[in-house]
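Two complexes are shown next, each including subunit A; its partner changes from subunit B in the first to subunit C in the second.
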Partner chain A sequence: MSLTDSLKARTTKPRVPGKRGIYAVMEPYLFLLPAFVVFGLFLFYPFGRTIFLSTFLTDKLGNARVFWGVRNYTDLFTSSSFWASVGVTFQFVAIVAFGGLLIGLATSLLTAKKYPGVTFASASYAMPVAIASAAASMAFRMILHPTNGLLNILFGTQINWTGDPRWALFSVSMLTIWLASGINFIFISAGLRGVPDEMYESASIDGAGYWRRLFSITLPSISPTLFFQIIINIIGAFQSFSQIRLLTQGGPGDATNVIVYAIYRDAFFNFRFGTAAARSIILFAIVLVITLIQFSFEKRSVHY
Partner chain B sequence: MRKILSLILAASLLLGLGSAMATESPTEIVFWHSMGGVNGEAIAKMAEDFNVAYEGKIKVTVEYQGSYDDAINKIRAAGMSALPCDVVQVYDIGSRFMIDSGWALPIQEMIDAEGYDITQIEPNIAAYYTIDGKLYSMPFNSSTPLLYYNKTAFEEVGLDPDVAPKNFDEIVEMAEKLTVKDADGKVTRYGFGMGNYGWFFEQWMGKMGLHYVDNNNGRGADPATKVVFDETGGAEAIFGVWKRMIDEGIITYLGRGNNDAKAAFISKNIAITLESTAALKSLLVNVGDEFEIGTGYFPNIHPDDEGGVSIGGGSLWMLASGNDEKQNAAWEFVKYMISPDVQAFWNAQTGYFPITVATHDLDAFKDNLAQYPQFGTAIDQLHSTAPQYAGALLSVFPEARALVETYTERLINGELDIAATVTNLAKEINSAIEIYNLTN
Partner chain C sequence: MSGFTARKNLTRLGNMLLNIPMLLVILAPLIYTLLISVMPPDEIYRNMLIPSSINLNNYVNAFTHPAYNFLTFIRNSFIVSTSVMLGQMVTCSLAAFAFAFLDFRGKKWLFVLVLATMMVPGEATIIANYLTVSRWGWLDSFQALIVPYLTSAMGIFLLRQNYLTFSRELHEAAQLDGCNNPRFMASIVVPLSRPALGALGAYVFLNTWNQYMWPLLVTNSSNYRTVQIGISMLYDIDAESLGLMMAGVVIVIVPSLSIFIFMQKQLINGLMAGAVKG
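Moving on to the complex of A and B:
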């Protein structure tokens, strides 16, 4: 029996009540059940629980105690510290998403041609993938130290990299970009390999120079990869935690207090799970909107 | 049939014997601590010695739980179902939380039941953990803040290397002499530097003889309901010092906590700094022969302040498991950990105070003091403080301390002036206290 025959047999079967009929109705749900159990347990239940908690004040154990309605939200919306934190998050995400992409693109273009030492260069550019953000942050603490850090000694400057509000976000972003550059390099390099040589040859015959080929052939050809990488970078930037925890603890003031760090402080340091849950829901809404914008953008500018 | 019956009887007898023997096996207890590195190794050694001394009776298992924050969070998470350990080391500012949690077995109950002689414990240290006349936890690793200075640098600029500054007027005066600039006018050595550490704020309140919160500094029968440092002028004075130091270019900002300031002191970028007594050993080891370290009392805000320092660090909390056998075993362990010999070892390995008075008479302790005379300053400072400056107790202390650090940054970055810093800080801590009291 061919596949189409068996499908036909199944779809044309009359839906009579009885054992086989119920089974036929249940069958697809049975296949979906494992996925539902996993998602339900680890996504839907926690999500529902977060919404629930965001309308309560919790005691020190995280049990909902006092119904607080939307006051957790209104308290946040009227707090200047919260808006500072939202502003910082957007700056941080934008710097990291595009900075990481630019470094990844530059490094992969540099290693696109074969020359002596290219393997070593590629390995060095990809290396940040293998570095844990916590370990890198500890190393950067020493590099960025205000009085005897390596960076100030090299540049002959006296900049307080993590203690000065004008530099703190920049410092944390640079570290995050460097950490993200490895994965950007790997994916964009792979994308570059996929661009057919014939297109470059034909463009050369037409007299196109390096930059013309870059902007008219390379970038459009790897636009799906670039789009994918931007999304990955944005998600990664929103989730950045350990470098902020270890380098600045959200400071100075609120200069690096990104939303995820603020959620951590509220939930696991101040033990106000209600506010933390409200912040999480707001973060969810922000990420949802960004994702929708990204996909509408994708339809217009990404060529598959 | 009879054979089978007798077999069953014999078997049950054997089983009975087995269970009788089981009760004679050592009582197992679990100890959670937060001491990493050298300090953690010292704990492991002490527990090992305890197990040898109590072989066949008590067996303690030591479990490292990460930072103080991590340990208290794990207790909190586990507390909803079953208590995970019998003895836990909790930091000073976790005390009010532990009392409010209801999981703790106040040490006082064991002391009263046994008639244990409480006078063995340093009164100023016991005072911190005594609330409403009851000792809740056993002091274990106690420290106070100290002033550390570079004696070699003092000599270099013609200051008396044996005289430490006592207040911020003196610090500013000395710091101006100690500051070194290179040809381009860049500062290569600051006279003074300190970490932005909320603990110091609390200590200065004590030094000024002021309270941090109401209800007898949070030590009354009722927990604190609001901060008072905004009404007494205490916070204003402390922030005034920060502002003055930054504006006059006497210090550069060295980040939250102590680590960056400590690193700057070791690498001779600052000549005077503030740190815990518990850092003495590691400072001495790291500095080595590079320069000579001097120690002085934690500086006063005003020259005529007459309060004192309170202790920080951690204490041992017994958890109420309801199992008398385990609780008694845990009590034996706590007593062992604070016995004079063990405390002398602990002091020499770490730099924490020996909390038992009798330790001072031991040769091991005297030798250590002779080798590191700087430690004497810490003991003198502790003894010259009256127990009434034991420091505040506050359920939301970790959050309050972090807020103090954030607002210090807002002040020195010029976001807020001193008055606005004090008002906003008080408002935020008060709302945290209010919500805590509402929900717990």
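Moving on to the complex of A and C:
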């Protein structure tokens, strides 16, 4: 661009619609192209494909064979093992969501004040976010080992933590709470830092004790954070897979057969891709509803 | 006044002491794993908690024994995680640039579409993706592990938020001076957004390194298996070598922990943006 052109450009209004060249019109789409090709092939297409497959009976290679309408869904909704799986999933999700929140809240409160070692403690409480669920599952295989594991040694018990239907879901939940504790700590302590100091100062002048301040000032002030964190925990717990596969394989029986594991079992052990697809859509619907609940609450809770 | 400081010191001490049990609970899995990995085998079976001597055989075995292929797993995970990280940095920067700086038809709609992808849990599309990849003959290959993850809504969102903090006048001025968009992006936007790119990079590398379900489905041979699959296979090879299993866990956790320790700030920034997805 020459100097006169540049001067002209300065005096004319930039970007007159209709006068742009074809490249200028296309350019934004070229910037978007790489991302949308990947989304298209590995997100939009498979999403559509999953809905499609959920209405078919498939062969062993996952090709749609017989149109089945909504019967994959109605078969699921009338089978007791599906409801057992949903029940197990909801129990698991509830334990993990609240357990993770409690640990996160406790660790955040423990590091809210400055003292020697608080940096180390904070880093340790955040650390589980970096640990892979598969690696942690292998570590817990040892911790929960029926004869040589840490838990049985410490408690002097001989519990088969992952093989006993009374303990399996509990064991998998403990591991998942440990994994989730890091992200809970990070978000809740960020929420705590956002509470203005003046609120505490006026309260301690009034002579309110620690617990009183906690329940009447701290918790109400961070309730939007806690709510958001519960939703994050719920969505994360619904997606858990490695723990189940590496510790219990959904068993014993169906004691830990959560929805995602049931999808995996249907597709890769029974080769029932249609049913697996229907389960996937149900999982999507559940996560969608939870996300929408969060959005509507977030809109309402912005003003406090 | 001295009573006041004494009381303050006492609360500090109390705070420190209260942290000890909690720290033990949170750190126990890692400490225990490390202890078992260096414990002589007979002590594991005698249910000891602290090894009487340090035995590094498990580590030597993990790296040198041909049955375990640990070096291959680590190499594979590095290739996959680095490629996914770099790929996302490129595709997400480009898309975020369009959403933040350019005007075009359908912009709002396309951005909503990107955000909507965050609501689809990966597990809900994993079956169809597996079928696609196997139809293409991609099972057991690096492209199967890398290509599906070459972009993310979270990355686009994170970078777009960052770009929006730059003034639009900067872009207009650059345009008037004849600086085209690719050059403006390469010479001004990318250098200015290095912290956000670092956050995205740390987050994506770690997430890919830690992936389990997808690599489990699309790899069959140890040539392409990643570390997380590798350690979970140790159990299938030899259920009784508990110490070896724990050495494997330590080996794959070291890179994760290093990212956490050295890039904690970036990682947490990335996580906070990513948690919208969960």
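Here is the rule we go by: the second predicted complex is superposed on the first by the 242 of 304 C-alpha atoms of A that agree within 3 Å, B and C clash if a C-alpha of one lies under 4 Å from a C-alpha of the other, contacts with A are read in each partner's own complex, and residues count from 1 in each chain.
Throughout what follows, contacts are C-beta pairs under 8 Å (C-beta built on N, C-alpha and C of every residue); 3 or more make two chains touch, one makes a residue touch a chain.
For clarity, every value in this text was computed on a predicted model and none was experimentally measured.
In the superposed model, A:Q91 makes contact with neither subunit B nor subunit C. Here subunit B and subunit C are compared by how many residues of subunit A each touches, and C touches more.
Residue contacts after overlaying the shared chain place A:N270 against subunit B, while subunit C stays out of touching range.
In the superposition on chain A, A:N148 contacts both subunit B and subunit C. Contact with subunit B, but none with subunit C, is seen for A:V66 once the two complexes are overlaid on the shared chain. In the overlay built on the shared chain, the residue A:P165 is in contact with subunit B alone; subunit C does not reach it.
Look at A:S223: by the touch rule set out above, it reaches neither subunit B nor subunit C. Shared interface residues of subunit A, touching subunit B in one complex and subunit C in the other, are 61, 141-142, 145, 147-148, 268. Listed in rising order, the residues of subunit A touching subunit C in the complex are 1, 6, 9-10, 14-15, 25, 27-29, 31-32, 34-36, 38-39, 41-43, 45-47, 49-50, 53, 61-62, 106-107, 110-111, 113, 115-117, 121, 123-143, 145, 147-148, 150, 153, 178, 181, 183, 186-187, 190, 231-232, 235-236, 238-239, 241-242, 245-246, 260, 263-264, 267-268, 273, 276-277, 280-281, 283-284, 287-288, 291.
Chain contact summary for the complex, subunit C toward subunit A: residues 11-13, 15-16, 18-19, 22-23, 26-30, 32-33, 36, 44-45, 47, 49, 90-92, 94-95, 97-98, 102-104, 107, 110, 114, 117, 119-132, 134, 147-151, 156, 172, 175-178, 181, 206, 209-213, 216-217, 228-229, 231-232, 234-235, 242, 245-246, 248-249, 252-253, 256-257, 259-261, 264, 267-268, 271-272, 275, 277-278. Subunit A makes touch with subunit B in their complex at residues 57-61, 65-66, 141-142, 145-148, 158, 160, 162-165, 248-254, 265, 268-272. Only residues 69, 73, 76, 79-80, 97, 100-101, 186-187, 190, 193, 252-256, 259-260, 263-264, 267, 269-270, 395-396, 398-399, 402, 405-406, 409-410, 413, 415, 432, 435-436, 438-440 of subunit B touch subunit A when the two sit together in their complex.
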